[in-house]
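Right, I'll just put the structure down here and ask away after.
Going by the order they are written in, the chains are A, B, C, D, E and F; count residues from 1 in each one.
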Amino acid sequence: MTEMEFALNTFYLVLSGAFVMWMAAGFTMLEAGLVRSKNVSEIVTKNLGLYSIACVMYLACGFYLMYPGDDVINAYLPGMGTTWGISLAGLTANYDLGYSDAADFFFQVVFVATAMSIVSGAVAERMKLVPFFIFAVVMTGFIYPVQGYWKWGGGWLDAIGYTDFAGSGVVHLCGASAALAAVLILGARAGKYGSDGSVTVMRGSNIPIAALGAFILWLGWFGFNGGSQLAVHTVDNANAVAQVFLNTNAAAAGGVLGAIIISKILTGKMDVTMGINGAIAGLVAITAAPDTPSGGLATIIGLIGGVIVYFSVVFFDSVLKVDDPVGAISAHGTVGVWGIMATPLSGAGAFGTQAIGAVSIFLWTFITAGATLLVIKAIMGLRPTVEDEMEGMDASEVGVSAYPEFSE
Amino acid sequence: MTEMEFALNTFYLVLSGAFVMWMAAGFTMLEAGLVRSKNVSEIVTKNLGLYSIACVMYLACGFYLMYPGDDVINAYLPGMGTTWGISLAGLTANYDLGYSDAADFFFQVVFVATAMSIVSGAVAERMKLVPFFIFAVVMTGFIYPVQGYWKWGGGWLDAIGYTDFAGSGVVHLCGASAALAAVLILGARAGKYGSDGSVTVMRGSNIPIAALGAFILWLGWFGFNGGSQLAVHTVDNANAVAQVFLNTNAAAAGGVLGAIIISKILTGKMDVTMGINGAIAGLVAITAAPDTPSGGLATIIGLIGGVIVYFSVVFFDSVLKVDDPVGAISAHGTVGVWGIMATPLSGAGAFGTQAIGAVSIFLWTFITAGATLLVIKAIMGLRPTVEDEMEGMDASEVGVSAYPEFSE
Amino acid sequence: MTEMEFALNTFYLVLSGAFVMWMAAGFTMLEAGLVRSKNVSEIVTKNLGLYSIACVMYLACGFYLMYPGDDVINAYLPGMGTTWGISLAGLTANYDLGYSDAADFFFQVVFVATAMSIVSGAVAERMKLVPFFIFAVVMTGFIYPVQGYWKWGGGWLDAIGYTDFAGSGVVHLCGASAALAAVLILGARAGKYGSDGSVTVMRGSNIPIAALGAFILWLGWFGFNGGSQLAVHTVDNANAVAQVFLNTNAAAAGGVLGAIIISKILTGKMDVTMGINGAIAGLVAITAAPDTPSGGLATIIGLIGGVIVYFSVVFFDSVLKVDDPVGAISAHGTVGVWGIMATPLSGAGAFGTQAIGAVSIFLWTFITAGATLLVIKAIMGLRPTVEDEMEGMDASEVGVSAYPEFSE
Amino acid sequence: MKLVYIVVRPSKVEVVKSALAAINIGGATLFDVRGFGASRGHTSSYRGSQYVTDTNPKGMLMVACKDDDVPNIIQAVRDVANTGSIGDGKIFVNELSDVIRIRTGESGEDAIMEKNDD
Amino acid sequence: MKLVYIVVRPSKVEVVKSALAAINIGGATLFDVRGFGASRGHTSSYRGSQYVTDTNPKGMLMVACKDDDVPNIIQAVRDVANTGSIGDGKIFVNELSDVIRIRTGESGEDAIMEKNDD
Amino acid sequence: MKLVYIVVRPSKVEVVKSALAAINIGGATLFDVRGFGASRGHTSSYRGSQYVTDTNPKGMLMVACKDDDVPNIIQAVRDVANTGSIGDGKIFVNELSDVIRIRTGESGEDAIMEKNDD
């Protein structure tokens, strides 16, 4: 590898990382738009804080856990260590690795933040900040890196041939599994489900901002999927990168269409919030293998993702009565599984191995996240008082109204 | 060409494409900010949907129509074919072409979405979603690609020497011509023009979001114009790209100043919505030849664009009584023509040829778009009932209020 | 240097410039979210206008003043000249310089806009547009370039070894010093401080949009700091760039945590507006030397910045009664000084030299900006009438309500 | 004197205002309200779940006037705000003991009459 | 007839509405208001500065009814809106001289009675 | 008892509230309203088209009080809200038949008096 190749790949990787960092803004806007105005400052604070915690924890221990190099104990639990005080840029004595270690870290750290962002949407409007942030410490410093190691760090999932190009499983299903655990332990928002089985609709307060969030995620996903090729310096790599961009875009478009068409058929209207979830679903669906399908197949994989997310949202909300204000469990979890299982359609991965990957990521995350949350709950509780929840968490947790002149 | 050069150009092109994709968010925010709150969810849905339709149609037939390669029938109507099931990344057997075919597709597909976005702003607040989406199918799958082929696919406009670096004509005038046809066929919003000639002002509901839209477009335009150089791997290409960035920015700045200064002179106040239109006008004006002027000339071309858009908006609204809620016809159409005709100022293109280009793009698009819309109108109608329109299309078309807590 | 190296660096630089341009949107959203709704259109206009003026002035004279090449008079005052009519892309006869001159200009012009943006936040809600824009002409055409020349143009600050990688001093402290002069000359907003020493709280009208602004700045800062390496074509450069990305992100995360933790400790709540200022503070703090610290040290530098900004905001507001609606003086000024003085922590720069740099930038800017503003005040006044101010500047200056349906 | 509350469809507020001006009513105070009445209940859906909205946006005008003006007001309002469909709204007429104009201190009917020097 | 103003906590507006419907009150008009009363003053902080908010959001329903309905309304509202804490709100009862239904021109009690053919 | 409506400039709502507290008025309910009156019509422009706004934002306070309090209220409001320019607003005084405190069920003047144990 030449210096220029190293330079190009490093440039490509930090740029991809910057796009993924931008997804933090996307999740923030999406969630701020889909909650009620009395909880908007709170969810913004949650997102700013979780991203920051992810960055600190991954530097302190997460990165090393996930990519321990030769220090690994075995395929299931990696070794310990820290990158905290190390100037990663200095490490690349041998630039044949393909890109700067610091670029690699930066690209990886924004992924763990993405996984954590998924949780914040699901627990919106009813989980206090401090317990949430404590959970974020464990999730980003331990739970995520361990299963990340299984696949991307060279652990057992990688060894058996589980395919997950950019993380339909490692990032999205992981985040959604933790979200499901959290929602089950927390329970629904006050007033959401009546004792008579009735469902109260709680509408998002700012649709254009939620849509902006979806567009930000869409843009950021080019870095998420594109960067996961990890190199662009050869014709093959460049071609792969370009196909990934093409397919990522096509799948998102398919997802939007799947969701709004099914909405139109079933309700006579095109529910924009479903269109938004559809875009995200299309993106999640293609993430496990964005490099192998043709554009047409990518569109279809995304479109099916958009249909799935519609039914999943309704099913969780109306049938299971699992309260997920932004549809995070459906868009990242249900559709994450679809993405993992769809890779054989374009010849990547085998059905059985993919299923093992999905199940193991789900179980690991669901169980460890659930256990962590139960411990935090026992120590300090997770929810505000019902009065504080009714009044909105902006007042009790943040002290700042999101829109003091419009809705107070 | 070396592998690295191919890689660099491909990287450059997909990145430029990502910036242009981001313009979809810009149009969405711009339009969401400039319509009344009862139509905001609807315009967001329209933008999500039209972008997605553009992606699907361009993959299905648009790209092949526009760039048919050797399959071309003649200079006016290209041949048929599809790129739907083809893995474009695999096509570049000979990488001497300069960049990946998949990157090329991706870069082109976001352009057609841009053209279509222009229409949605002009028809805002009064065109139903289904007929709009059907029109989008025809526009992005046929109307746009044909005239795109005339210039960029190597058709007759290219042959006669018509100059249009990044599409003042092919994209912006094309979009605005379709928008004009649509607005004339649709008519004005209910209550907009009194029978006594009076004009009712209908104010945008969210100015900062409209301004965000303008900034997004500004940023995305670096990809739009910069990427249109199609290569960056040599000193000459790199210099050209850098000058394009410089000039694109300078023209936008000039456009803002032109619009707010003229506004201050004429009304004593600096109308921010005109400043927003001014930025877009500056960008549209420079798009036909962003590579040839000096920074100073680019500033002036943009500034004149900003002045033109001010008068054009007022003229269409108050004199012609053509109802264009966001000023799309003025910013992309009137100023698009200015951009096409201004290329000789920096020595690119000849006056007569440029005029032929502008007229032919306008006529083709206006006529085919108009005919398409008349057919759709005859089959299913274009507008909601007056009651639904008065109540706002969010209720009847989308079922979701954009700001349920602020404005219901 | 090969053509490819030149091309890669040029590409890198224009891209970095585009990210910095995006910061204009960040400042606009931040400020629009933190002022009251009656002044939102005005602050948006201010930001659109100031950015545009910066682009024009830097082209007309600022760039040449700051980078006069051999025309320099001495180390303190550079010569005069213009880049207005010059096609900068054509200048690079010898591409050994490393990147296109036009790319360099573009990267530099967005920096001066950043410095100017800092002022607009501090003077929000009470300074008329025309005097503000006149001040912007002087600030971006003269005041900023001169001190920029001292360091980056090869003047005396550079000669004595003052270290300022991306401009904690040259950009942020400079902007904040002008902001402080402006705020002292303007006085506080009507009703802000009672004669009895009481402080009236004036709350921001749109928190998610302010948070969006912070995220935009965060993203843009990768271009701001990363691009300041000016080259990426070697292993060393690429490693440095990657470390800069890593550290910039780490410092911002630290800043958020510093601010919300101190807020929680002192008030029992996590004030989201402080979290937002914390992110910016972290970014400003690391900007003087983002390349030398380890990720851990960068986090700590940012975290201290976040703590400092909290106390600084409270101190200026409650003790000094200096009215800075968005906390710009604290985030960019107080923390800018912290950033300059912190460079020795990672072995860059010496304490004494850094202090000289901070003091001289502050004094130059504070005095010249103050003098300019006093002259403008004498000629045309700076503030609207109290009635206009009470009614909001959207009405008197812009004529357009930001949210006509929510808050009128 | 009477204090009259006029509840109408939001789209009729402007025309009612003009109609009042046309019969020389000197002023009014406007409220954004939501109403429920005979026109109860339409069903919407959000994210696949149905819900019922049983209120509709309405505009309300509060008008202080002389006793004699009441029939004119009722007539004027009905002329412009009556669409014949449920939900057109209602007029509530109350006794008003006194009015004071804050600026001048005038009270009674003087306070609601426009004078030429205003 | 009476015009009754019912000021309650925002979270109680829905249940008060249902309670009124249950006792056959034909309609109501709703206002978003802020109230201050015994429950005055809670302190918040913004950007490190403290400030006092002395008003709380409330919902108000305006109901025109027959004289006989008043005791039922009071009872119905107290049943659902009384939490026992300060800030539960108040009911104000006023004389109402006349009501006119804009759509039909009916006046008096007819204008507030629901008819089957509605 | 009386039910008094005080319509003032938005910027005067705070001081009116304080002025009422100073004369021992126990509570009030606040409305955001728009008013039109003598101060009719200012012209603005939007995107180059002119339009007339004939309403201005106002704040309204609704205060239930004893008959004796009315002159004090009028005086207190005029003291702080009178700027001498058109648009200062008006005070409307109505009879109030009854007040009920939802929390305790107290009625009449008891319901609007603050007790020490509150």
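A few points about this structure:
In this section, contacts are C-beta pairs under 8 Å (C-beta built on N, C-alpha and C of every residue); 3 or more make two chains touch, one makes a residue touch a chain.
Keep in mind it's a predicted model, so treat the numbers as computed, not measured.
Both chain C and chain D are touched by A, B, E, F.
Shared contact partners of chain A and chain C, listed by label: B, E. In this structure, the chain pairs B-D and B-F differ in their number of contacting C-beta pairs, and the larger number is found at B-F.
Counting the residue numbers that touch the partner chain, chain E and chain F have less than half of them in common. The centroid of the Cα atoms in chain C and the matching centroid in chain E are 51 Å apart.
Computed from the mean C-alpha positions, the centre of chain D lies at a distance of 18 Å from the centre of chain F. Spacing of chain B relative to chain C, judged by their CA centroids, is 32 angstrom. The set of chain D residues touching two or more other chains comprises 31, 34, 45-46, 94-95.
Shared interface positions of chain B, i.e. residues touching 2 or more other chains, are given as 4, 8, 15, 203, 206, 209, 212, 267, 269, 271, 273, 399-400, 403, 406. Those chain pairs judged to touch are A-B, A-C, A-D, A-E, B-C, B-D, B-F, C-E, C-F, D-E, D-F, E-F. Listing the residues of chain C that touch chain E in their complex gives 199-201, 203, 263, 266-267, 269, 271, 273-274, 310, 313-314, 317-318, 327. By the touch criterion stated above, chain F contacts chain D in their complex at residues 2, 5, 7-8, 31, 33-38, 54-55, 58, 60, 70, 74, 77-78, 81-86, 88-95.
Those residues of chain D that touch chain F in the complex are listed here as 3, 17, 26-31, 62, 64, 94-103, 105, 111-112, 114, 118. Within the complex, the chain F residues that touch chain C are 11, 34, 44-46, 57. Those residues of chain C that touch chain B in the complex are listed here as 3-4, 6-8, 10-11, 13-15, 17-18, 21-22, 24-25, 28-29, 32-33, 40-42, 44-45, 47-49, 51-56, 59-60, 83-90, 92, 95, 99-103, 105-106, 109-110, 129-130, 206, 209, 212, 396-406.
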